[in-house]
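One structure follows; several queries about it will come next.
Should a chain be cited, it is by its letter among A, B, C and D, assigned in written order, with residues numbered from 1 in that chain.
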Amino acid sequence: MARFMPLEEAVATHLKDGDTAAFEGFTHLIPTAAAHQAIRQGVSDLVLVRMTPDIVYDQMIGMGLARKLVFSYAGNPGVGLLRRLRDAVENGWPRPLALEEHSHAAMANAYEAGAAGLPFAAFRGYRGAGLAAVNPNIRQVTCPFTGEVLAAVPALRPDVAFIHAQKADRKGNVLVEGIVGIQKEAVLAARRAVVTVEEVVEDFAGLHPNLCVLPHWTVAAISVVPGGAHPSYTHGYYERDNPAYLEWDRVAADREVFAAWMKTHVLDAGPGVFAERVAGLGVER
Amino acid sequence: MARFMPLEEAVATHLKDGDTAAFEGFTHLIPTAAAHQAIRQGVSDLVLVRMTPDIVYDQMIGMGLARKLVFSYAGNPGVGLLRRLRDAVENGWPRPLALEEHSHAAMANAYEAGAAGLPFAAFRGYRGAGLAAVNPNIRQVTCPFTGEVLAAVPALRPDVAFIHAQKADRKGNVLVEGIVGIQKEAVLAARRAVVTVEEVVEDFAGLHPNLCVLPHWTVAAISVVPGGAHPSYTHGYYERDNPAYLEWDRVAADREVFAAWMKTHVLDAGPGVFAERVAGLGVER
Amino acid sequence: MSVDNVTPGEMMTIAASRALSNDDVCFVGIGAPSAACNVARLTHAPDITLIYESGTIGTAPDVLPLSIGDGELCETALTTVSVPEMFRYWLQGGRITIGFLGAAQIDRFGNINTTVIGDYARPTVRLPGGGGAPEIASASREVFVTMAQSKRGMVERIDFFTSFGHGEGGDHRRRLGLQTKGPTLLVTDLAIWKPDPETKAFTVVSLHPGVTRQAVQETCGWPVRFADDLDETPPPSDVELETLRALKARTEAAHAGRAGGGTRKGPNDG
Amino acid sequence: MSVDNVTPGEMMTIAASRALSNDDVCFVGIGAPSAACNVARLTHAPDITLIYESGTIGTAPDVLPLSIGDGELCETALTTVSVPEMFRYWLQGGRITIGFLGAAQIDRFGNINTTVIGDYARPTVRLPGGGGAPEIASASREVFVTMAQSKRGMVERIDFFTSFGHGEGGDHRRRLGLQTKGPTLLVTDLAIWKPDPETKAFTVVSLHPGVTRQAVQETCGWPVRFADDLDETPPPSDVELETLRALKARTEAAHAGRAGGGTRKGPNDG
């Protein structure tokens, strides 16, 4: 049952050392505010899961929070590589990072299987691809009717999933619109889900019946954090801050610049800064 | 690529003797007009597929069009049993009918697998249920990670799927709203899809981005048949004709009453009658 | 309220409704289960989540649906999802606290038959089949059943295992790898039954007002066991009875009126 | 139009765009493939269906997206589906006619590496990984690749098989059970390449205007084969070039202007 609480309390309650945690968002709706709160909280030994780790995972990895990353594409979207991730993988700084690497199809199917309560997902994938040889969690299953051999991956069942969404109603039902990505599956696959939202509305009366809605009893905690996806965007609220992605490439290139940036913009900040950060990015509503 | 054509042409072009055909609809949006056209066309030896065969399948079976039924629940919704189906199964009249019987979960997963291009679907089902002993298409698959044994059913890949939908745009994109049921999966699982719609609109501009839309290149033919789901209903257009379902129970109880009813209401009628039939059932729009 | 003017069907629906709570996520079968679930929602459990297999989640119909896919269910739902999603994410996903089923035939272990009377290959009566029931029975955290008693319905041995209850009793579910509780409650028009903790055979734990042990046995096809501390079901309260009757009246009014122009009218008992 | 003021990158994008048709359903990679697909849509193939892996189907962006999930893609799409649905129903379902990829490293058989430079366990450079590419390469009916030529990018031997092209050539795809055609076209800034029908090794079939065989060989890490009937790529038409340049100008204008209030500005070459 969803409980409304400040982000500090939501992260403190639901994210623990050693957790397998997914902060999901597919370019759109990236839960930056929640990730920054996790960094401020100083949690450690996380197994981070995400299809598309980008800036916030670069930050969490650079701050040494994670011991392992389960992923399918790690990049700064529209810019290039993730330099803190590279430093961890190539040089073990600030600590070594184990990788469990998949394709998007595998991760999407694995979340889907997790949401569906299944132990694994079967799909036609990885044929001729090198990952099958380096990832022991890529196995095979044989169709009992045709004999076709398919790829199999274990279902993803994170301890906790964090997502950002447009809005909640007063009961704690959550609406996700636009590029919905993998967020519904991440919430349903996880043991606990924490959602940051732009705003709370009285109810969802009048909405089209077939939208992506997460009932309140699928969510553990909801925190209202306007702008909480910045520098990602929230469809209907504000646009993507493209210069921030470019800036990150410069910040992450140097360990000391990175540390200073994190102190100023994350460690010494709070969830309230996100509303300011999107002030110039609003869209007509 | 969707082509607009009269229903007579669409059924004649895409439904052949011996086809495996799915006329799908889940209480809502049942493609009655298309099924009646198939009866008038006089096609034979069909393998009929549907999760919830109801009046239209009772009619097609009673007219001797089908040699086999693949299904999970055969009933007159809100009324009771299907008497023509019973006559075929219990007495072989007008011809014997083979049954391949599943649960809803199995059929839903089998359509989903068909839409996803997979040869089979794995799910946690049929445990302790008697169908596994009488249906050789219920097998098992073992999770290569946990060792759990799951049920497996072959993907459904009908030769042709018929559905009814609210509207098409001029390019042939199709919108389904409300209880969307299994229709999207039926269309994507089938080799060919024929859609009847209430109306054609210029385009779908302004629609919410996350609705259930079938792109024009997933559909073979579209026929405009207002009221084409009667006595089922079309969300936003007209309500369910509950008395017609009750009347069917009386009609189907007797072979001669059935034959006379079919002559009057199906064989001697045409797609145009459906608009009249829903005239008193409109909803405010 | 006096018990005299309460029908056994009303008592059944109201007794079943009381077993549901505000926190339940209930997968609702059509007919008697649907009435019970909506009476619960309209009385003591306003926040209960009702789910119908057509994909409607958190629905709050003003009138009872005739089918699991009535438009009313969609119009009043929090959201409506596809049928594959319903069975994968919501039922198999383990999110249903109560699967609420009716039954054509049931045995003392809560195994249910809605498939055939007689032999499967050559049935005497071909029934509708299982629909969602096989997996509702295995995936819901527990299963409630409600049905009117009759010797034809409550039998020593069912003709077909459409959905698995406690099988042959005892730890049969566990032996099949089923982690869920299975049938934990049977509410009939005469009594409330619960499985014996050991044998899992349904045992009468409460008689509805005015019902005798003999009446229960006469309408049941197996030798009935009664609990040592047999209760009497509290009679319907005024609120419960008024809520149920108003719901039924709204339902009849809504379903009687509408008929299409092109087909002759049949009798309408909806 | 004179070829003199056309850049090699423009020629690459325009040559690639010509390979697409109105009936194609194209799974679009970001960067050069995205530009080519949108030029096709804005010139000779207005009804082409463009799909990005974020779930946007039938999208028609007015400006080029910086990422596969830009809001513009959703706002102009026919519909936007979830990511699991995208990979299950649309890609694995066999509905994609052309998978259009870029590449960091490619070999003569169209095998692509975007995973690591060096050893997988101890890489010299950790690249982003495959994302959608492994299954785009296997499930699309055919695969087009576009990239600028360089000895670092077009190599004798790739460090990691992120996505499988023709493997070791010949019938290698078939031996792995792959029913799709694999890479059938490579468009670079210098030439158009197609696989040899037998060996499946990429062969230059057309040189862009003004490009020499030597220039192709100098920027390619394997010994280049040229087709016997080598063509010259037709230069960009006025419409093609104006369309591409207008698209790029709109893109730069749109992406330059917006910045949030809370972070410092970096250089913007978007």
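The rule is simple: contacts are C-beta pairs under 8 Å (C-beta built on N, C-alpha and C of every residue); 3 or more make two chains touch, one makes a residue touch a chain.
Only a predicted model underlies this, so the values are computations on that prediction, with no experimental measurement involved.
Any chain that touches subunit B and also touches subunit D is listed here: A.
Remark: among chain pairs A-C and A-D, A-D carries the greater number of C-beta contacts.
Taking the mean of the C-alpha atoms as each chain's centre, subunit A and subunit B sit 39 Å apart. With each centre defined as the average position of its C-alpha atoms, the distance from subunit C to subunit D rounds to 57 Å.
One inter-chain figure worth recording: subunit A and subunit D are separated by 27 Å, centre to centre, where each centre is the mean of the chain's CA atoms. In subunit A, the residues that reach two or more other chains under the touch definition are 112, 116-118, 123-124, 148, 178, 180, 185, 209-212, 235.
Counting partner chains per residue, subunit D shows two or more touched chains at residues 74, 80-81, 88, 92, 139. All chain pairs that count as touching, in label order, are A-B, A-C, A-D, B-C, B-D. Partner subunit D is touched in their complex by these residues of subunit B: 1, 112, 115-118, 171, 173, 185, 188, 204, 209-213, 215, 217-218. Touching subunit A in their complex are the following residues of subunit D: 30, 53-56, 66-71, 73-74, 80-84, 86-88, 91-92, 115, 120-121, 123-135, 137-139, 160-164, 167, 172-173, 176-178, 255, 258-270.
Against subunit B, in their complex, subunit D makes its touches with residues 23, 25, 47, 49, 57-58, 74-75, 77-81, 88-89, 92-95, 139. Touching subunit D in their complex are the following residues of subunit A: 26-28, 51-52, 71-75, 77-78, 81-82, 85-86, 89-90, 101, 103-105, 108-109, 111-112, 123-131, 134, 148-149, 178-182, 184-185, 212, 230-231, 233, 235, 239-250, 265, 273-274, 276-281. Taken in their complex, subunit B has these residues touching subunit A: 116-120, 122-124, 137, 139-146, 148, 150, 152, 154, 177-178, 180, 208-212, 235.
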